[in-house]
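What follows is a pair of complexes built around subunit A, which joins subunit B in one and subunit C in the other.
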Partner chain A sequence: MSKTKDIRSSLTGTVWKIDASVGDSVSEDDPVVTLESMKMEIPVGAPLDGVITEILVTENDLVEEGQVIARMSV
Partner chain B sequence: MDNPQHEFEERRDRALAMGGPARLDRRRASGVLNARERLALLFDAGRFDEVGLFATAERPEDRHRTPADGKVVGFGEIEGRRAGAVSNDMTVLGASSSTVNARKIAYAKDVALKNGLPLVFLGESSGGRIQDNMGARGMGASSWDPQQYVRTRETPWASAVLGPCFGSSAWYTCMADYAVMRKGAVLAVASSKVTSQAIGQFVDAEELGGWEMHAEVTGLVDQFVDTDEEAIAAIREFLSYMPSHAGEAPPRRSGKAPATDPRTLEDIVPLDRAKVYSMYKVIDAIVDAGSFFDLKRRFAPSLITGLARLDGQTVGIMANNPAKKGGAVDYDACDKAISFLVLCDSFHIPVIQLVDQPGFLVGVQGERRGMPAKIMSNIQALQMCTVPKLSVVLRKSYGAAYVNMGGGRNSDDFSVWNRAEVSFMDPGIAVAIAHGVDRGTDPEKFAELRTKVEADNSPYEIAGMFAAQSVITPAMTRDHLVSALAVHTRARTNGLGRRRLADWPYR
Partner chain C sequence: MYKTILIANRGAVAARVMRTAKRMGREVGVVHSPADADLPYVGQAAFRAEAPGNRASESYLDQDFIIAAAKRFGADAIHPGYGFLSENPGFAQKCAEAGVAFIGPSPDVIRAMGEKTEARRKMAAAGLPMVPSSGALPDSDEAVLKAGDELGYPVLVKPANGGGGIGMQPALSSRELLAAVARARSVASRAFADAEVYLERLVERPRHIEFQIAVDRFGKARHFFERDCSVQRRHQKVIEEAGAPAVPRAELDAMGERAAAAVAALGYSTIGTVEMLYHPDIGFSFLEMNTRLQVEHGVTEEVTGTDLVEIQIRLAEGEAMDAVAPRPKLTGHSVQARIYAEDPKTFLPSPGAIADFDMPEGEGIRVDTGFAAGTTITPFYDPMIAKVIATGTDRPEAIAKLSAALRQTRISGPKTNIPLLLHILQDADFVSGRVHTGLISGLSPIS
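Moving on to the complex of A and B:
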């Protein structure tokens, strides 16, 4: 049975681009969202293999460390 | 009994039958090994010298149903080297901790300490045995050894979390130098039954202490596997890197070429400092092929820590991982660094730092947890660490974290790649703060000032004042580290450090 896994921002920063879409099958560490922070382009990767079910941010959003930015079924 | 031989055989067979066929069958059906099967896998075939086979519970009414009193203890060989083990037998009163089996554990620890043997804990226990521990006399009889939970890390300890681990199995896992967990097992202070009774919190066991929590949140466990067999294989592998005791250096093997050609390092690491990459690819181009033993992969993943072999010699790799948080060291990464330095310093394992970091991760989340003190603890551990420390800056090292990652004479050998930069902060941030110009408002002026600032960050500047010993090309990295290890041998003490971190607290 699949369960929902939150994908949380690994650090505080600005959403630079959205890399995955709802329905995408992703592998662990595949980029879901890329943030701009610490003067770098930092991907937030999928924590596990699964399917993206929700994307909760848009480009230029400021996100906090730990904030749920997407969800996936695993 | 009239026939001593018969009595011996009958008692022995009863003890070896553990909690009886019904309980053992249930375990087998669920794909889980029993306590004795685990020991048979852990030790080289053919020999296990058990102690305490005839131990039973203290209370007369429990004696007939407590073979080996629920904890199987003994000694054998792992890859030809002697080691001890405590294997919890869940089929005997839930392997609960009792007056007698506490003596068995104490004995194993004492023998391991006196004779320089690694010690393995195969954890699965329900906690303290209530009938032994209840009441003032119960408590008075337990906790009799004021050094019970003190370690000076004289011999390596490894622990496997192979089922519910409450009480002693949880404590010994946290005290161990290495811990592996089978997914589906649980590690917590007390079971969810106790939690719901005590504070009215109803959580399932997985949420209370399942593998995902320990992998991502607590960092109490180093590796996670799917089966008992994999967990035991992982413990054997961990011990292959370690000396049997702190009076000797780690064992050497013959060297192997790295899995990836070191000449590809130039392409693996992008020149653009805003871009990320996986430091695991860099490690594969430096250490002996197949030798990297990753510890706490999902916990504080901006810092990689793991054991490896470099030309056959055990080394500890501590590396920023730009793929996670840009490689910025955060609060948890400091904790991860400290526990890894403790492991390396306790057992004479040289530390190699691969540096590519944008500075400590600043922000309110870290400050709330006391980040400044954690940074100082990390530096204290690094500066007290007496094993050889070799550092290589691949691309950048900014701010106070420059010191935490081996800069400022905190390495025996500090080298920088020919495209690396070292500075107080990222040039872009410096321009914005010092000149009030940012990329958005005045891109031309920003670029001009940034180029000026960057010129001061050259690797030849830091090498020019001998704050770095060498400037190297990426392709030279492995050879440079092998040569540096050959210089920094601590030969006067046969490769032994002073183990100043061996008394460091567990966390």
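Moving on to the complex of A and C:
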């Protein structure tokens, strides 16, 4: 049976682009969202293999470190 | 004379330019983003214009907003600081069209120096040394090998009409050359539809040494000695010093004179910096020219007793070099550390609200910053929090003062790179002056 896994922002920044869509099958470390902080682009990767079930942010959103930005079933 | 100056920048450089412009008796205004509204220098401005958004494109890069603010406040001139619009020829042009002086060079010079191949061509013509290179390589293997031997190894095979590092192949000896040329030709013909390649001497463990130049509008040029900015991470400077260690003074001064003459030959009339690579076996070679105030200008000011912002403003107003800046003397040694809001181990950005902000004080210690306790390092701009500059009678004294100053520094909230800075300042190669651009990547991990 599948479990839900939170995907959290690794730092404070803004959402630069959304790399995955709901329903996508992703492998561990595949980029889900790319954040921008202090002129650097920082990809947030999938923590495990699985399927994206929710994307909770949109482009240009400000996110805090540790904030849940997407969910996946694993 | 510019009675009113608008600063089109933020943070440390906005505070720095404001300090000098106010001392000169000028009225100073700023533009700022909503996120920067609480920074101390914004509150100290005679007038301020808040941008519609926080992103750089909605604030410090919004040319129309900035020019409208300048006109609204009746500013005579715009100081662009560094970064953002400071090297944007289109912005300099728009300022001219709006009847506001741009404190910097003409749009043509900015454009010529911003285009790297054009800048190299112009500076070679003006007499600056370039990294030794071959002409376009002929087809025959024998001729290619001959070109390699003539240049000396190691070499870099580079597409003649490429860019962005694409297709570049190193060859450490003649045994590797033909294969490297074949690979480079193959990538070049696919990427640039042109298989022509040439050889450039590969400068291993280079140093980055730059010369501070000023030229007045009558063509009189001076150099203000050099800065060594070799200690970098991913092309971001971390430690800078004036002067450069372990290079004979006569060699440095001779190159400073050549750099000043080359810049004057461009028809340039403001301050600027000629960046060069240096290797003891190869000497100096031109890297690029920055047509603005540098982040690391403070170390030059400390060892020459000058105010480069004042020199920049007065040269822009048309004053002559001898009135603005007599020939400088080099006294002592100055080292700057850039404090960044980043994790010292992972190098990830670390924005956040600053709770404690206890900056060092003392003789020979200078801190340039735009922040204070209670302000916030936001994720919208670059991660620099402050520059700590320590000056002593010689390099060991300056390094010791800087280490002590950084140990006194207390910043809570964002993580900072202070542990990395202290680690560098204790590194045996750094202490002995054996600096090079790979120094940080070769350090042992911070425990």
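The rule is short, and it goes like this: the second predicted complex is superposed on the first by the 74 of 74 C-alpha atoms of A that agree within 3 Å, B and C clash if a C-alpha of one lies under 4 Å from a C-alpha of the other, contacts with A are read in each partner's own complex, and residues count from 1 in each chain.
The working rule: a contact is a pair of C-beta atoms (placed from the backbone, for glycine too) under 8 Å apart; a residue touches a chain by one contact, two chains touch by 3 or more.
Keep in mind it's a predicted model, so treat the numbers as computed, not measured.
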Have a look at where A:37 lands relative to subunit B and subunit C in the superposition and call it first, second, both or neither.
both
Under the stated touch criterion, which partner chain does A:49 make contact with: subunit B (first), subunit C (second), both, or neither?
neither
Looking at A:59 after the superposition, I want to know if it touches subunit B, subunit C, both of them or none. Which is it: first, second, both, neither?
neither
Answer with first, second, both or neither: which of subunit B and subunit C does A:14 touch in the superposed model?
second
I'd like to know which partner A:29 touches here: subunit B for first, subunit C for second, both or neither.
first
Both subunit B and subunit C touch subunit A; at which residues?
10-12, 37-40, 42
Per the touch rule, the subunit B residues reaching subunit A in their complex are 216, 273-276, 298, 302, 322-326, 328, 330, 358-359, 361, 363, 365, 426, 428-429
Subunit A residues within the subunit C interface of the complex
10-14, 36-40, 42, 60, 62
Mind pulling up the subunit C residues that touch subunit A in the complex?
55, 341-342, 348-352, 379-383
Residues of subunit A touching subunit B in the complex
10-12, 29, 37-43, 45, 47, 64-66
